[in-house]
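Before we start, here is the structure in question, set down as structure tokens.
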Amino acid sequence: MIKQCMLQVKKTAPLIHNITNYVTVNDVANILLACGGSPIMSDEAEDVEDITSICSGLNINIGTLHKTSIEGMFKAGKKANELGHPVLLDPVGAGASTLRTNTALELMRKINLTAIRGNISEIKTLSYGKGTTKGVDADVADTVTEENLKTAIGFVKEFAKESGSIIAVTGAIDLVSDGDTCYVIRNGRPEMGKITGTGCQLSGMMAAYLAANPEERLAAAAASVCVMGLAGEIGWKYMQRGDGNSAYRSRIIDAVYNMTEDELERGAKYEVF
Amino acid sequence: MIKQCMLQVKKTAPLIHNITNYVTVNDVANILLACGGSPIMSDEAEDVEDITSICSGLNINIGTLHKTSIEGMFKAGKKANELGHPVLLDPVGAGASTLRTNTALELMRKINLTAIRGNISEIKTLSYGKGTTKGVDADVADTVTEENLKTAIGFVKEFAKESGSIIAVTGAIDLVSDGDTCYVIRNGRPEMGKITGTGCQLSGMMAAYLAANPEERLAAAAASVCVMGLAGEIGWKYMQRGDGNSAYRSRIIDAVYNMTEDELERGAKYEVF
Amino acid sequence: MIKQCMLQVKKTAPLIHNITNYVTVNDVANILLACGGSPIMSDEAEDVEDITSICSGLNINIGTLHKTSIEGMFKAGKKANELGHPVLLDPVGAGASTLRTNTALELMRKINLTAIRGNISEIKTLSYGKGTTKGVDADVADTVTEENLKTAIGFVKEFAKESGSIIAVTGAIDLVSDGDTCYVIRNGRPEMGKITGTGCQLSGMMAAYLAANPEERLAAAAASVCVMGLAGEIGWKYMQRGDGNSAYRSRIIDAVYNMTEDELERGAKYEVF
């Protein structure tokens, strides 16, 4: 199934509309091309409806919010909903500021979100609502570990059910659930955290996977998480003397570019609960 | 002549004012440095006239339009026209949205554009005017091939004459014309399409070539197209196991950085009609 | 001391709030991660106070000013001052436009700046005030050389005293002074000037060094300058056939990522006056 999802992306080359932060936008564009999709960026309110209309999926990332881009997010989201396109939200920094938390919560209320992908703190902020400006509480922000895995799966399933969106929590262990089923994925390397924007890149790629697999959205979301983690493992094998986080960033995108369906099938480490 | 144009860029190190999209802006800056020019970016309406005044060329790219940057484009364009600086337009996504199409058309009407560089669909949208929000019609959007080359040359010459701008259509085969003469260029590799922003990079570099060669603008524009395509060929030769579109992006800029006039002369593949 | 400053950054992993240009922002983020810090970007006026509050330092860079981001700079700066966080200003292009010069001067008046880092022309513009739109006069803009070193040291010390900020002038020879003492640093390579944003990257890293070393801010600022220059030297050693400015950019960030305290101590070339 995972393998089939990748094949569909390569076959249909979905054009993805990204309203994303200016920090990691270039990497998001290049990883979309690497995985077989195609990127277009537009956040001006006057432009977004036209752009969303020629695309097959929408990726909203709140990493560097501007008042004008917020307006664009709602307009694009509504248009994408009308057209039946998948919409993904990456709530970067939800919990770190009132503007980010409230924007993410309002997007959840007003836009039909196909998937929400974030780290555990961001997702918990959205789940517990009314995030504070100081970020989520430490006890809530517990990383997903083998010890608390059962609880974490329960939380993600519950929130997916409540929200009606696929919830993807990424970290050392990744969880992806639609409320009924939960993928537990163990690909990736800790050094990926030393690169800015691997999460943003995954969100862009997940939007392409969702767009290319309308009948298999949970598997598609999980597949994109496996691709990103496996690319982190493959890219690491190519690291040479003197290489650091900047070379690693490039090698991960390259690994996505070169990955075949068979490699993915062999390398993907996941269980389904 | 092509060789001479490169020499002039390296000798005069033109400072180029870029009002460009936030997706590929870093690559545009680095390729301008690689080719021997120098970049400065500014899109705030209050800032652009001062910045354009200390530069010797202006590169306008509509890849991520904002209402405020549109105002900056017109202000900078007018000032550059007053000062006799070359102005290049890269109409990214013209035909894909009303805002992009209309902004590009209005820039053509109000600013004296030295050159317009885009893909065939974007250029056809500008030529046939009143672009629709759905992109140009498929029959109009035909790629330039050996089969339709004559017609394509005729179209580009005609549009260059009408518009009063050098028209550069880039793709598998590149066409660059001032209305009288048309360069047909066959450098480059198809894998360049898997990197975001090779077109934007070329536009930045073309602006530097135009600025450094005021007496030979058609040759200068064609030279920059040869440099980009040849860099794509040279960069490809350095690709190693595990490399993909991200490494390739870097290798192309590096190839521009290392290219000599003699290499360009030997490697440039063009005919003049 | 230099070595100790690096250790503190790695130990405390300071989160740095960056209001910076969209050209080099990704490199700033990655070099902050490389050096042991952590980046967050936010320029929207409504967002910046919350973000600054969860950080331990603020980096303001005026490379691509927007009216809205200017508002954000003042708000964030005031909040950081209230909280006692170090604030760094990188006055990119001060002297090149009225907006840039005036914004930098107003930031100096209204915000308590811990450090200002720029090239000699930018710093002289701030020192002589009322910069013109044509950039600083040529005679003022003299590069720091072995010949004029004494005068340059005197100028930087004086301006540091007057402004109450640590002044860091970077170029072939780097000067860092708090008004009493002046570090003269001779690390680095001329090819670093062919990469866009090495200055911006250094500013981000310097903010992290200042944040992690509240008791030793002059040494911390000087240490970050040594790290950047030494990374330029180490990165250069890894350059391979075909590499150019793009590969070099990546290798410098990687060198920061891999640099140990002992390497820094052995490689740092500085004198104190």
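In order of appearance the chains are A, B and C, and numbering begins at 1 in each one.
In the analysis below, a contact is a pair of C-beta atoms (placed from the backbone, for glycine too) under 8 Å apart; a residue touches a chain by one contact, two chains touch by 3 or more.
What you see is a predicted model; the values in this text were computed from it and never measured.
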item: Shared interface partners, meaning chains that touch chain A and chain B; value: C
item: Equivalent-chain rotation between chain C and chain A, CA atoms, steps of 5 degrees; value: 120
item: Interface residue identity across copies chain B, chain C - same or different by half; value: different
item: Where chain B and chain C are represented by their mean Cα positions, the distance between them in whole Å; value: 33
item: Interface hub residues of chain B, defined as touching at least two other chains; value: 22, 26, 249-250
item: Sites on chain A touched by chain C in the complex; value: 21-24, 26-27, 63-67, 93, 96-100, 133-135, 194-197, 241-247, 249-250
item: Sites on chain C touched by chain A in the complex; value: 22, 25-26, 29-30, 33-34, 39-44, 46-47, 50-51, 53-54, 68, 234-235, 237-238, 249-251, 253-258
